[in-house]
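Read through the structures below before going on.
Both complexes shown next keep subunit A, but they swap its partner, so subunit B is in the first and subunit C is in the second.
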Partner chain A sequence: MKTTQPRSRRLRGFLTIFLFLLPALVLFFGLVVAPILLAFYASVFKWNGMRGLPTDFIGLANFTRLLADEVFLGDLWRGLLLIILSVAIQLPLSLGIAMLLNQKIYGRAFFRLLFFAPYVLSEAITAVLFMMILRPDGGLANQILGWFGIEGPEWFADPSTVMLSLFIVMTWKYFGFHMILYIAGRQGIPRELTEAAQIDGASGWKVFRYVTLPLLGPTIRISIFLSVIGAIQLFDLVWIITGGGPSHSSETMAVTMFQFGFKRFQVGYASAISVVMFLISLVFAIFYQRYVMRRDLEGATTVLRDQR
Partner chain B sequence: MSASRRRQSPTAGGPLRILSLHAVVVITALFVAVPLLYGVLGGFKTTQQLSSNPIGLPDPWVPENYTSVLASSSFWRMLWNSTYIALLTTLVVVAVSALAAYVFARFAFRGREALFTMFAAGLMFPFAVAILPLFVLLRMFGLLDNPLGVILPQAAFGMPMTIIILRGFFRAIPGEIEEAAILDGCTPFGFFWRILLPMARPAIATVSVLAVVGSWNQFMLPLVVFSDDSLFTIPLGVQQFQGQYATDVARVMAYIVVAMLPALAFYAVAERQLVSGLTAGAVKG
Partner chain C sequence: MKLSRRGAALLAASALVLGGCSSTGNDAGESNSSAGGKVTVEFWNIWTAEPLKSYGAQAIKDFQAKHPNIVIKNVPYENEAFKAKLTTLTQSGKAPHIFQTWGGGVLAQQVEAGLVKDLTDDAGSWLGTFTDAALSAYKVDGRQYAIPDDIGMVGFWYNKALFKKAGIAEPPATWSELIEDVKKLKAAGITPIALGGKDKWPGHYYWAYLAMRIGGLDALKQAGETKDFTGPAFVQAGQKLKELADLQPFQKGFLGATYGDPGGQAATMGDGKAAMELMGQWAPSVQKDAGKGLGDDLGFFPFPAVEGGQGSVTDAFGGGGGFAIGADAPAEAIEFLKFLTDSTEHRKAVATGGVLPVLKGEEDAVTDPNLSVVAKTLAGATGFQLYLDQAYPPAVGQEVNDSVAELIAGTKTPEQVAQAITETAKSE
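So, the complex of A and B:
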């Protein structure tokens, strides 16, 4: 009696844990892990995606083809371009606006609500709205430029402006999201720290540069992380507005994958693209967490030491 | 004297500085608001009016674009599809994640952290990576052209964020409450159902709002799962309508403005939960 009771209790505890976790495990393995494994499997076959599993094994041929494909290499370059533009323009804008809205600005609650509103609209709606606004003939943007005597560009229809146009749309939709992150981060900074700097005679800019900005480090690093992951997976906007055109000049990895997987039925090759997207996200996430986010801990301890 | 002047300067500043700060905010506000207003007013114009008079008020006001959207049964059907898919997704993801988060928060067992890390790692992998094999799997299970083919994968991909947020909240509930409940004869599920969930109501609201917004705006998954347009959700409908009436710009504008309204209304009601969920998720993720 005495020996069986703890064992049965342990068994019951194990059973409880198992039953509580079961639904989550089934969903996660069935619909997140299994697809990723299937992508790895399919990526070494030549396969049109028809029923059953692929049989025509071709080793790493899909990957060598991928690395020689100008469109795919262009995808990588365009992804990088979007990341650079986001980090250099969109995030500083969000940070600046967040700092402004942290001050005594008339109607700041309204502005915060307005700036964040585009984030809740779907990319589909955003895409169609900006297709109307950036129409080369008769769209709002070119009409306004016309008042100043400027002949507007072709926006999405011109290979040389299409990426910049997409970036404008992305900024419209997402800068408010990053702004919200920065506002939350700013509110997490104890008031005493900025006040102390002010009493010591630091100007507004110096308080920002030497107190606020370093303490916002963790928020900024997360905001960059989310921008990069967002750029790697960018699909909806591009697919609806340009479909990757004109002549591949706005294609992203996800669009290329979609073209081959769902339009041209080269599922093996498209799986290879999925695998590369997966590996890029994985390597980036591990690298970033290990070498960039880790500094957050060091920063926090040095700040504590300085305070003491 | 000089100290107080210095203390004020960074926030107060001269009138010129205050004016320029406001100018920056107002210009940004125009950048955000003008596209939306252009859409709303554009919907009340005819397409010819729109090119001759892009910015001014409609003259005359033409309500036909809006009334024709509101009178079309396909729009209401898509609204209904989006609504029940969002609600069922939310129900599944919150139920499944809450059970798992309870275990991760309040049970000690070998492999717990490894399992949790595996779920959390799911955060990094967006639909785009898995959509193609997911399509193959859903076809194998016979879930194409079936709402479950959208609901279940959305729930699966929503789990990492939901589990992370709920686990943090469940952990904060004192152990004494659980001990008292167990002494009173509560089973683990009884504690979870009758005490933990009611106490976690704010966290449940937060993750539910995130799940609803995520499902409402999802485009890629319904795009590949649904080929029958009676199952279409609003984002698919928007794309389809744009394709059909591309040249009738004013009509497309009216359509997207009506399509925006439910999301904006939801945002007006649930802004606080949405913001707290996104910031919590970003900081912990």
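So, the complex of A and C:
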């Protein structure tokens, strides 16, 4: 094949690519890039969101106010707490169940379906469901605890238990999703490898530790990535279940943003929060992909480069 | 072939672009179609539930029969959806021809943005038919920007049977009597007060009423203007509320409870699990919906006086609903409002039980005994204060709700509450 194509053909090629990309590009710029830019723009103004574009320029005052605000600093801490809990408890739990459901056990297809079901449920339904189950007075959970003579906690109504209660709901909602990821990843590992290890006399644990786990690496890394981004942007569940309360003790960044943008009409300040959320997610995504997922992505990008 | 395929791609692309653009245009607030000499007036309301749903349909029919050249386009939205829709519309610099409003800070912001018609001169003698309390929520800088259609007030709804059981003969007339009664109820093993702590706004009623009773209406008005809420009336209101909260008078898990959901404030009250709640005129019907309802055991008493306070016990705290006219609305819009609030027409609305009297001398049209008590108390009100989360700009109102919720939860002191509200007010 000739390496240099005739000029007109190359141009036509580009034009075709451009035309096919155009609808996607227009949508991407109109619905993703433009709102991001608008949020950046609005974040340096004091603006109640009414009538046209903002005019009252206040520089970085929204950001300095943000960093001095106890609620926002609390949001950051609570976000971190959720990330730690997710990575330390929720993901290992999902992994464990995925490994169990990879065994040949009776009714595993049913269990896979059952455990994945919560993820299919909408956030709002999950939230309302758990509000009823975990109601301090007469809720299902406390009634069951009552049979054993235990006086149940106040769950979402107590500032000291609200985060843990929320985490229980999050785990219930999302572990099925991570479980499916792990099952898919586990099934991608060739049988020969585990068999070879077993023939060499490796115990079940050693096969898992030295064969399965390393080969599940890419799946685990992407699952952690999704989990962290999800925790940073957590909104629906919290908003419906607690609204961020009691006294801000379960507020997340997204909830604070909503409070200021849609309840207090301080759109400029809310934009500043959204910008910080965006930057945190962006910086995390870049570093994570650059350093943690580098090996996983390497294949993909080289293949693409070879083809060009 | 190749060309035509490319042409198709281009067409598809441009169709997407155009489609994306046209959807940003808004369907409301467009110029009035006057086809056939008819004027169309858009009427945005929240009459999605009975009895007002059928009442509204009938009223529009009657009006159109009288004015064949005017077409009223009925646009009803559910309460929360209405607020979201209207916010989106006003943010794009438009307003419907006639729209539901609750007055106060939100209306003031819309006025400031030039979206609302000043009705002071157009209305003339018409304004004189309304009660002062009903009109007050829609005044901005002394000008009238909306016409009231409904008004109500907040007070204590109490369970007579539970009061009797705790040995309380008379509902409390002063704050210290209320505190005593709370202690008596607790001693009798009864939850004294139901509160939806998660919703925050039910809690702010206590603080607002206390500030009113201690400092008088002027203190609240002045604070709204000077943006200083650190005065003694507000700090003392916080202290009194803390005094009450320290008695732990609320139901178990109240911090996570909402007002209207299952297990919430209204349900607790309606099922007879708490002795009283501080709530607006809608309380009896929500108690019935969310719980069993109390029937004849339900009673009403106004918020008690605070000893040594400047406010009168007959000052009422509450709010209502009204209608504003968009700045670009046709002149016919006002005709429709005049029709709706005409004495004979509005009496029909009041008779359905959907709204309360806003016109002078209309109290006898109320049929429901519970609402009748509220209407009569309101008719004798010496002053009226709009809900704080509506009277002040939205940010200040929300800060009041948030801070008072924290006071009740014990994470903020009365002084910190006053300070936080002042800071928010000053930054507005």
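Some observations on this one:
In this text, the second predicted complex is superposed on the first by the 279 of 308 C-alpha atoms of A that agree within 3 Å, B and C clash if a C-alpha of one lies under 4 Å from a C-alpha of the other, contacts with A are read in each partner's own complex, and residues count from 1 in each chain.
FYI, a contact is a pair of C-beta atoms (placed from the backbone, for glycine too) under 8 Å apart; a residue touches a chain by one contact, two chains touch by 3 or more.
Everything numeric in this text was worked out from a predicted model, so none of it was measured.
By the touch criterion defined above, A:Gly201 lies against subunit B but remains apart from subunit C after alignment on the C-alpha atoms of chain A. Once the two complexes are overlaid on the shared chain, A:Leu166 sits clear of subunit B and of subunit C alike. In the superposed pair of complexes, A:Leu85 makes contact with neither subunit B nor subunit C. Look at A:Ala231: by the touch rule set out above, it reaches neither subunit B nor subunit C. When the two complexes are overlaid on their common chain A, residue A:Gly49 makes contact with subunit B and with subunit C alike. Look at A:Phe115: by the touch rule set out above, it reaches subunit B but stays clear of subunit C. In the superposition on chain A, contact of A:Arg135 is made with both subunit B and subunit C. When the two complexes are overlaid on their common chain A, residue A:Gly243 makes contact with subunit C while staying clear of subunit B. Counting residues of subunit A touched by each partner, subunit B versus subunit C, the larger count belongs to B. Touch criterion met: A:Ile105 reaches subunit B, while subunit C stays clear of it. Contacts of subunit A with subunit B, set against its contacts with subunit C after fitting on chain A, overlap at residues 16, 20, 23, 27, 30, 49, 51, 131-132, 135, 138, 262. Residue ranges on subunit A touching subunit C, taken from their complex, read 15-16, 19-20, 22-23, 26-27, 30, 48-52, 131-132, 135-139, 154-159, 162, 242-243, 245-248, 259-260, 262-266.
Every residue of subunit A that touches subunit B in the complex is listed here, in rising order: 13-14, 16-17, 20-21, 23-24, 27-28, 30-32, 34-39, 42, 49, 51, 93, 96-97, 100-101, 103-106, 108, 111, 113-118, 120-125, 127-133, 135, 138, 140, 143-144, 172, 176-177, 180-181, 184, 195, 198-199, 201-204, 207, 218-219, 222-223, 226, 229, 232-233, 235-236, 239-240, 253-254, 257-258, 261-262, 267, 270-271, 274, 277-278, 281-282, 285.
Every residue of subunit B that touches subunit A in the complex is listed here, in rising order: 3, 6-7, 9-11, 13, 21-22, 24-25, 28-29, 31-36, 38-39, 42, 50-51, 54-55, 92, 95-97, 99-100, 102-103, 107, 109, 115, 118-119, 121-122, 124-137, 139, 152-153, 155-157, 159, 163, 188-189, 192, 213, 216-220, 224, 234-236, 238-239, 242, 249, 252-253, 256, 259-260, 263-264, 266-267, 271, 274-275, 278-279, 282-283, 285.
By the touch criterion stated above, subunit C contacts subunit A in their complex at residues 6, 9-10, 12-13, 16-17, 20, 84, 87, 90-91, 93, 109-110, 113-115, 197-200, 251-257, 261-263, 393-395, 398-399, 402, 405-406, 409, 411-412.
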